[in-house]
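Just dropping this structure here.
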Amino acid sequence: MLQRLRENKSAQGMLLALPTTVWLFVLLIIPLILTLVVSFGRRSPDGNVIYSFTLDNYVRLFGYSTDCPDGQASCFDPLYMNILGRSLSLAFNTTLFVITLAYPLAYFIARAHPKQRNMYLFMVLIPLWTNFVIRVYAWMMLLRKEGAINIILGWMMNLLHIPFTPLEMLYTPGAVLVGMVYEFLPFMILPIYTSLEKIDTSLYEAAADLGANSVKTFLRVTLPLSMPGVVAGTILVFIPVMGTFIVSDILGGRQVILVGNLIQRQFLDARDPTFGSAASLILMVMTLIVTYFYTRKFGFGEEIVVA
Amino acid sequence: MTNEFAVEMRDVVKKFITPEGSEMAAVDHVTMRIKNGEFFSMLGSSGCGKTTSLRMIAGFEWPTEGEVYIEGKAMGHTPPFQRKVNTVFQSYALFQHLTVYQNLAFGLEMEGAKEEEIKNRVGHALEMVQLTGMDRRKPKQLSGGQQQRVALARALVKTPDVLLLDEPLGALDLKLRKEMQLELKALQQQLGITFIYVTHDQEEALTMSDRIAVMSKGKVQQMGTPVEVYERPANKFVADFIGESNFLEGKVKSISKEEASVFVPGLNTEVIGMPISEGIVKGEDVVVCIRPEKIRIAEKNAVNQNMFHARVTNTVYIGADTHIYVDLHGTKLKVLEQNRISRLDPKSFYSVGQEVWLMLMPENTLVLKKD
Amino acid sequence: MNPFRRSPFVITAAVLVYIFLYAPIVGLILYSFNASRANVTFEGFIPAFSDKVVMDGSLVLSSPCGPFHWYCDLAKNNDVAEAAGNTLTIAFIATIISTVIGTMSALALQRYNFKMKPFSQLALYIPIVIPEIVMGIGVLTLFSQFFGWANETFNLTGDARLSLGIATVTMSHIAFMVPFVTLVVQARLQGFDKSYEEAAMDLGANEWMTFRRVTFPMILPGIMSGALLAFTLSLDDFVITFFTNGPGSTTLPIYVYGLLRRIITPQVNALSTVWILVVFFAVLLLQILQNRDSKQHS
């Protein structure tokens, strides 16, 4: 029998891949299918699922509401669309800010002396390896009315003799943005660094030899060659931002609600798994659409760095 | 060694599926009988099937059709670790994470040998390749030549009946390669085991082998001793691949078993030659093959068959030889003359435009089929 | 021209970004020594050592551990110990299983063609491109529906009742980690020269011996990288754990999250600081080991 197996290469491959495939089928594929099925269901009084086929949840997500003012039968409630829109714009803004901050640092490290590079990278990795929740908490402390930022600002304003009332930074959309940027910054630094580091330094010399100054060299040589890193980093940032709920939960309080929070609340507080499943599916579809179009345009940026 | 033949391939075919999806025969109906104790080479350029054939003997590939026999036993789908042959790989494939000693010991451990025995045999093998004392080193710390010897020793330590060598000297520089060629040949004769050697370097094959199989496009073009293959190439491919040849096209005017008379339009005369290919008939279009060193530039008026009047177009001095390019009625030929005399005097060279007489012996004028 | 020269603009920007990265962490560590229990403003370090904790309102005047009062407090916290224990247990088990099956699937994908291959590749690809929360609620739905049905049908009660806990968390972690392990090991396999394995078989080793003595040692660094990545992912995971844990299976990230929504004493900061330090030294150790490993091989 062993000889039969030896001869059948295809069977060998299948056996090796079987455990993983089965595991993922049960714990990934089936849950996704189940989510789809549940999203067409109705909520039972005790928060469970009544399996049926109704588009109510999706319709509600897209704005159809029966809870209308002036006794109208149905009207458009943009609540959920707003949440979706807010999440998209937050993801977009976060990515922009992250690129702005990450690029100079990545460039700095990439052009440093090889012996120093590891140290600089190490310094980027430490915050990354610190737990997500802790990092969010750290910002919570800084942004409070009595937090360090206000203290420093107050001290600076006092020096300039300008009256100062502490800023209400916590529980605002701005706080959520700062939190997101902070969380995902290292995920952009590393891919950009990797693609910058791959650039042969003799290219810079060649550009200089041909008469380009630093700005031109950057725009025409460095930037295009570092694009794969930017693309990879964008995917590593955009997708998680769309789904994160902790940051908006802790730094945004009840004020800022993103798709992630919506889903979380449906499953825990409101106990409507059908609606939550529908929202989750919409989130997944949106993410996949964005990823698809983005990679079509910009390529897949194989610099997905494994720390 | 009960069998006369160490290894046999009987009508072996090996087909692969190309990336485009079509079927391709890397080995196309190959039959070879390799004798015990001989140094046998498979010679050809890349893609000719020599490496695939070797791999089928080793057991890394299984024939699509036909059968491989080792010591008279059909191998079928027997895996490599059950075959009494060992391979020296082109890339050496030394285990990087093991020392030289551990590399050599590996095969013996697989046999279940005891530590004492392993130590003995490994020491002996290292001596054989002149690497005593290197047993603690790791492959990365060795030079290319040393790594090659370790690969050799690792295969030989198992005292196989047949040793397979897949272009083992390819990565070495010229001088080292030539040294190793002589060493390998000496080793083979000393050990008396069968060597099956794959190479694309014809000089290497001619130097070392007892017999050569010249291969092209998955088929054996000719199998014979170095002298046979060089002096009596079986077809145009072998005549062209091995050494250099002048080729002249012509039509057979008359033919017997020992002699053929071919009219060569390019020379506007008849040429007497030796029919090599089988089944040549009168009136057939054939190719006449003449090696450069076989053409003699003669004194005027010497009488012989195959005497031609030509004009020198160029001479190239190569040190031990001189290449003389001549033109006869628009047909170009190359002649090779050994520099038996010193060439310091420029007048010793034939001058461009000089008229000379070329002489050809019929038994060196080969008549081959025009395939 | 100095190839390592960078414009002052870049250098300043880099410094500012580093400050941005570390300021919150520095603040966090500082506040772990806060004398004020309310932890709203920093009221200075706890000045004195004494046998018992002496407080004035919400200010700690003196403590047996002095400035490290909150760390001592942390050490006495059983919930933290339990959460830490759970986190490590789950991480270890999940890492071992996901590394084994992940390596197997990497070998399968890299070297074989089989009918199921496109499906396996797709399945491995999905967790990387979908948001974690989608996977989280998916698994939650699966468990809750399945457990609900099973408990009803088989009349399970008490201890036999299926519910969320360490098992569900571990299983979900594995599903999430396997694609990453596979990716890392596959990358390592790509450069792997098959002639090593052929040489081993040529010398008499069968398939298992070849794998054990030649292939495995050679891909081990890749496997270790994969395992390390998996371990980190599990240790740090919040989202999936959030949806699949139950009473008794709290992990550290969940525990901290819970604290943040209730009372926040400097103990949280102490916990965070300890965590940061552990990570710091672990990464440092890793870098040293890696350096030593690469030096040996050059």
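Think of it as A, B and C in the order they're written, each chain with its own count starting at 1.
Everything below uses one rule, namely that a residue touches a chain if its C-beta (ideal position, glycine included) is under 8 Å from a C-beta of that chain, and two chains touch if they have at least 3 such contacts.
What you see is a predicted model; the values in this text were computed from it and never measured.
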Task: Greatest separation from chain A - chain, by CA centre - done: B
Task: Pair of chains joined by more contacts [C-beta pairs], B-C or A-C - done: A-C
Open item on the list: For chain A versus chain B, what separation do you get between their C-alpha means, in angstrom?
Closed with: 63
Open item on the list: Quick check: how many Å separate the C-alpha centres of chain A and chain C?
Closed with: 18
Task: Cα-centroid distance, chain B relative to chain C, in whole angstrom - done: 60
Open item on the list: Quick check on chain B: which residues sit in contact with 2+ other chains?
Closed with: 79
Task: chain A residues counted as touching two or more neighbouring chains - done: 6
Task: Multi-chain contact residues (two or more partners), chain C - done: none
Task: Footprint of chain A on chain B - complex, ascending - done: 77, 79
- [ ] Please name which positions on chain A make contact with chain C in the complex.
- [x] 6, 9-21, 23-25, 27-32, 34-35, 38, 48-49, 101-102, 104-105, 107-109, 111-113, 118, 122-127, 129-135, 137-142, 144, 146-148, 182, 185-186, 201, 204-205, 208, 214, 235, 239-240, 242-246, 250, 260, 263-264, 267, 273, 276-277, 280-281, 283-284, 287-288, 291, 304, 306-307
Task: Residues of chain B touching chain C in the complex - done: 58-60, 79-81, 85-87, 89-91, 93-97, 106-107, 110-111, 140, 154-155, 158
TODO: Give every residue of chain C touching chain B within the complex, in rising order.
DONE: 193, 195-196, 198-206, 209, 213-214, 217-218, 297
Task: Contact set on chain A toward chain B in their complex - done: 3, 6-7
